[in-house]
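Shared chain: subunit A. Partners: subunit B in the first complex, subunit C in the second.
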Partner chain A sequence: MNKEKKIIQNNKVGIVKTHTFSFDSLKLESGEKFGPVNLAYETYGFLNKDKSNAILITHALSGDAHAAGVHEGKDNPGWWDDFIGPAKAFDTDKYFVICSNILGGCKGSTGPASINPKTARPYALDFPLITINDIVNAQKRLVEYLGIEKLLSVVGGSMGGQQVLSWLVNYPQNIRSAVPIATTIKHSPQQIAFNEVGRQAIMADGHWKSGSYYEGTAPSKGLAVARMIGHITYMSDKSMAEKFGRAKKDIAETFKFTADFEVEGYLRYRGDNFVKRFDANSYLYITKAMDNFDASGGRRFEEILRGIKVKVLVISFKSDWLYPAYQSKEIVKACKLAGVETTYCEIASTYGHDAFLLEVEEETHLLKHFLKKVFYAYEVTGDYGA
Partner chain B sequence: MNKEKKIIQNNKVGIVKTHTFSFDSLKLESGEKFGPVNLAYETYGFLNKDKSNAILITHALSGDAHAAGVHEGKDNPGWWDDFIGPAKAFDTDKYFVICSNILGGCKGSTGPASINPKTARPYALDFPLITINDIVNAQKRLVEYLGIEKLLSVVGGSMGGQQVLSWLVNYPQNIRSAVPIATTIKHSPQQIAFNEVGRQAIMADGHWKSGSYYEGTAPSKGLAVARMIGHITYMSDKSMAEKFGRAKKDIAETFKFTADFEVEGYLRYRGDNFVKRFDANSYLYITKAMDNFDASGGRRFEEILRGIKVKVLVISFKSDWLYPAYQSKEIVKACKLAGVETTYCEIASTYGHDAFLLEVEEETHLLKHFLKKVFYAYEVTGDYGA
Partner chain C sequence: MARKDIQLDHGVILDLIKPHSTVLDLGCGNGDLLYLLIKEKNARVQGIEIDEQAIYKCVAKGLNVFHGDVDSGLAEFSDKSFDYVVLNQSLQQILHVDKVLIDALRVGKKVIVGFPNFAHYKSRLQMFFQGRTPVTGALPYQWYETPNLHFLSISDFKRYCRIKGINIERGVCIGVTRKTPFLPNLFAETGIFLISK
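Entry: the complex of A and B
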C-alpha cells in the first residue's frame, strides 16, 4: 500500500506520485496471453480499516493516472483535480481514490510504445488489439493488489464510462456502485466514424510508417488533426459560439491558409500540444477498443444486468452531441428493466461532451450525495455479499 | 446562346455538354484584378423570348457545372438531376436552367490547378484568395453573356445558399426570387472548425508541399481525410444509424486498423473516390471563402436587405446539424424585419445536411409552387422594375 505522506493544502490533494504495479501476464479477450504488464497509478486519501472506502476513477481517451494533485516540482494539476480532494466530490478525507493509466496507454502503462521483451524494441503494431474488458481486467488486478475486494464505486466519463459499464457487467460482485457519465452501451456509427477519421488522419501521415516510427519522426501532424477533430466533438455549437464567436486572430503573417479565426488558432494550439504528450499508436488502439466495445455483448443489455446488486448513477449532459443523452437513457432503461437500483440526471449544460470535466458544482452535488448514500448503506447493514 | 438539341427521354434532360465562357479579368473583392477567367457551365431547357424564365443553380463545396443530364458516352447524371428536367422542380419545359462551376473550382473553371499565364505553370498558392462575392461576380458575367438581365430565380443549398444570399444582397435588381437552402448568413465557429480541420488534414499531407504538388503526387490521403470529415457532417446520427448500424464489414485481411464496421468502409470509399475528382488546393480556397463569407458584411442583415424587392423562399432540414435550422430562421427573421416577402419551410427529414440533395418530393413541391408564383406574377404584371 502506498500511504506516503501527502501535503494537503486547503482542499487540495497536494503533491502526489505516480506508482507502477507490474504483473507477469494477462489473458486477453482474444485468447492471447500478454505480458508483462505495467500499470501506472496514483492514489489519493487513505484506505480505511475494513477497506470499504475505495473508489476507482477511470479515465477517458486522452487521460492518465494523474487525476488529482500535482507532481513534485510541477504545477499542472491532475485531469479531475476539481473533483478529488478534501470536501470535494471524491472527498479524500473520507475515501481512498485510485486512478490508473489504461492498458494500451502511453502514460506509464504498457502500450504500443513500450519495449517488447521479445525484440527489445517498441511493440508498435505488434501490440495486441485490446478491448475495454481487457483494460478493466488489468485494473481488477491492480485493485486486488491494493488489497481491495469490493470497491465502494467505480466512476468515469466517456471512455471512462465504458470501463464503468464493463466493471458493472463483469465484476458486479466487486463493486457496490457504478457511475457511468456521458457514455454509451455501444458506439453509434457516428461515434465510430469520428474515431475512424482520426485514425485515418494518423495513418495518412507519411511518418506513421505502419506504426514503426519510434526510432524516427512521430506522425505528429496526423495525430494533431485527429485531436482537432476530437476537440470539435467535445464542445457544442453553442459553447464554441460563446468561446470564439467569429473573432479573428490578430496575425502578422501573410501566408494564405493561416488561422484567421480564433477557433482555428485554438484548434491548432490544442492539436500541437497534444502530440507532445500522446503516442499516435495508443490513439489507434484505444479508439478501436472504444468502437468495438459493446457492454451488452450483442444481447439485450437488461438481460446481462438481471440480478446485479449494484447501485447505479447515470449522468448525461444536455448539449453533449458526441455521447447524446439518449444513449445514457438507454443505460437507465436497461438498468430499470433489470431491476437494478438506478438514478439518472441530465445536467443542463452548454459545454457539450466536455461538460463531464467542467460542470463541477452540479456533478459534485450528485456524486457526493450518491456516494454518501452507498457508503452509509454499507456501514449500517455491513452487507458484504453480492 | 447554346441551344444545342437535347435528347429528352421521358422526364430526363438527356445528353448535355459542358461549355466554357471566358473573359479577360475580374476585379476581386481584395482589389486585385485577376484574369483571364474561364467558367465551365451547362444549360438545360430554352430561354424564352423575353428572357424571363432563367434560373441559376449554384453548387455546393464539391459540386460542379454538371447539374443534370448525362454527358455523351457516360452514364453519371448531374448532381441535382432529380430536380432538373421536364415536369421536375426546375421544369425544363418551362424554364431555362443554368449551372456553372465556381471560380476557384477544379471542374473546368479557373482555379488553383489552372495554368498561370505569367509562369505557364499551375497557380497553386499564387491563386488569389477569393470570396463568395467574387464567385457571384463571375457568375453575373456569365448571366450577362447569356443575355439575361433579370433571373427568374437563383437557387442553391449549402455553399450554393451562400451564393444565393450574395446575389440577394449584391444584385437584388437582377433577380426576381432567391431560394437559399440549408445555409447561413455566416459560418459559426463549429462550421469554421470542421472546415479548418479538413484544411489541416490536407496541409499535413507530406505531398501537399505548400500547394506545389501538380508536377508530383497529389496530397490524396489528406484530401480523403478532409472529405471523410465532411461526410460525417453531411449525415445525421440517425441517418448513419439507419444506413450502417454496427454492421461489420466482412474482411479477410488481418491487418490491425482495417475497416471493421461498414461505416468505416463507406467513409474510406467516399474519401478515396473524392480524390480522383477534386483538387486539394481548390478545397482549401473554397472552404476559406465559405468561412470568410458574411452576407451581412458585419452589419445587421436586415439593414442590408431593406428595400429589396425579391421574393425569398428559405428551406431548412430538421436533422441538419451542420447548417442547423436556427441559421435559416435567422435569414427568415432578417428578411421579415426588412419587409422582404419571405416563405420558410423546415422539412422533417432524417438525412441531415445531405437532405437538400435527397428530399426530392418535398423540395419539388415547394420549389414548383414557389417558382410558378414568381413566374406568374411577372407574366401578369409585366413588372420589370426592381
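Entry: the complex of A and C
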C-alpha cells in the first residue's frame, strides 16, 4: 500500500453502528405528553474522562444519524464524512462526536411512520405537530443519557442550524459553544413558500390519502416533486450552469416531455432516489417545524442572548439564496448587541445552500481552530502559538 | 514577544492601551495587533475585517472576528461598548470616514486612529520634482491599484478634530525607524492619535 492511500484510510472513522435510545415520554411544546420515543444515534471517537470533549452534530431536513463512517457490509459513507474523523474538522482522536436522527424523522427515530402502541398501526397524521424545540428537547435527553452535562459544541447547517439556535436559547448552560451554519433565526416568507409547495406536491398525490398510505402505495410522485424543488433551492444559478449547462441527454425521444436536459434528468434521479429512503409524512411534519421555528420567540433576539456565556461561530455562503447571508448576519448582529463572543465568516462559495456540505477546506479551517480555542479555553492568557 | 519584533505602529498603539481593556479593531487584517493586545495587555478583543483570507488567519490565532465592512459594521454596537476602538491603517480605506469616526467615538470610550501621512517630505518631493502621485514606504501603492480612498496629512487630521470638537489626548508621529517629534507633518510617515469626544 502506498503512503498516500494509507493516510486517506487512516482518517476514516471506519465501520460504525446505529444505536437506539428509548425513553417513555417527552413533554411537547404544545403541552401534550408524547411517548414512547426512540432516537437513533451514532457516536464517533471516545468520551474523555471529564466528559468535556463531546460535540453534538445536528442534521438538516433529509439527514439522519449516520453522519460518518460506513455501516457493516455497505460502502456509502455518512452525510458529513468529510468533516468527521481523525485529523478532520471534528477530530475523532480528540473529540467525541454524537449525531442523532431527529424526532419526527424516518431513519430510526420515532416519527409518523412509527407504530402507534395504542393502535398497533403507524401514527400517520395522529403523530403530534412537533417543533424544533421538541426535537432539541429529545436530543437533550440523549445527551444526558450519554452522561454529558455540558457539550463542547453543537454544530449544524440549515435545519441543523435551527437546532443549534434552539440549544443556544434553551440550554446555554449546557453548551460551551454553538456553530449555526447557513441558517436563520426564523424562516422568511420565501422559505415558507418553497416548503409549502413541497407539502402541496405530497398532499396532491392521490396515494397520500390524508397520510394513511402505509398499507398501500406511498405518495412517491408527490414526494419526488417536493425533493426536486428542494434541490433547485439548494444549488445556485452558477453551480447549476457549471454542473449541467444546457447539455442534453443522449436518449432517443419517445415522448414529447421526456427529460432532455441533463438538469431534468438529475432532478428526476434525485427525486426518485429520495422516495426510496424518506417518508412523505415526515417531510410534511419536519418542514412545518422548520417554518414555525422562531429562535427569538417573537422577542428581540439579542435580549434572549444577553448574558449568555457561549462562544459562537456563524458561517454563511455567498451564493446561498435559500438561507441568504443576511439571515446569518442577523444572528451575528444580535450576538454583537448582546455582547456574546462571536466570530462570523461568509465563505465565497458558488455552491449555493449545498455549500455547507461541500466547502470542506474552508469550513474545516474555521471549525478546527474554533473548537481548539473552546476546548483549551485559553482565551485571554494567550498561551497559544500563532 | 520581544519588543524589537513588534511593528513600530503596533508598539505605539500597545502603549496607548491600558491593560484588561476591551478593544474593537476596525479593519483588523490578519489580527496581529489584536493578538498582541491579548498577549501583552490581557485585552478582550473583537475584530472586523472585509478580507476572507484575513478572517481565516484571525481564526487561526483564536480571535473573535466579524467578516464585513467597517462602513456598515459599527451601527450594531451599543454606546460605549468598548474601551477602545482602533482604526489602524484602515481610515484612509473607508468610504464614509466622517460617519465611521463619529460612530467609532460613540461605540468606544476612546478611539485610536493610525494613518499614513500624505504630507511626508518624500511625498512632497515626488510631487514637486517628478509631478507624480507619491509612492513611499507608508504609501506603497501605484495610483491605479491603491486601496486608499482618502489622502490626509497629520495637519489635516488635527484640523478635522478641531472643527468637529474632538479631543486629541495623545498624538504620536513615527518616521521610518523611530518616533519623530520634530516637524511631524514633514518628517512623520505615520500619525497615531488617541482621541475622544
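Just so we're on the same page, the second predicted complex is superposed on the first by the 367 of 386 C-alpha atoms of A that agree within 3 Å, B and C clash if a C-alpha of one lies under 4 Å from a C-alpha of the other, contacts with A are read in each partner's own complex, and residues count from 1 in each chain.
One rule holds for everything that comes next: a residue touches a chain if its C-beta (ideal position, glycine included) is under 8 Å from a C-beta of that chain, and two chains touch if they have at least 3 such contacts.
The shown structure was predicted, so the numbers you read here are calculated from the model rather than taken from an experiment.
Of the two partner chains placed by the overlay, only subunit C lies in contact with A:337; subunit B stays clear of it. In the superposed pair of complexes, A:348 makes contact with subunit C only, with no contact to subunit B. When the two complexes are overlaid on their common chain A, residue A:241 makes contact with subunit B while staying clear of subunit C.
Set side by side, subunit B and subunit C differ in how many residues of subunit A they touch, and the one touching more is B. Looking at the shared chain after the overlay, A:365 reaches subunit C, while subunit B stays out of its contact range.
In the superposed model, A:200 makes contact with subunit B only, not with subunit C. In the superposed pair of complexes, A:373 makes contact with subunit C only, with no contact to subunit B. In the superposed model, A:124 lies in contact with neither subunit B nor subunit C. Shared-chain residue A:284: touches subunit B; no touch with subunit C. Interface residues of subunit B facing subunit A in the complex, by the touch rule stated above, are 125, 129, 186-190, 192-194, 196-197, 199-201, 203-207, 221-222, 224-225, 228-229, 231-232, 235, 237, 240-241, 243-246, 256-257, 259-264, 267-268, 271, 284, 288, 291-292, 294, 321, 324. Every residue of subunit A that touches subunit C in the complex is listed here, in rising order: 329, 332-333, 336-337, 339, 341-348, 362, 365-366, 369-370, 372-373, 378, 380-382, 384, 386. Touching subunit A in their complex are the following residues of subunit C: 35, 38-39, 42-44, 52, 55-56, 58-68, 76-78, 81.
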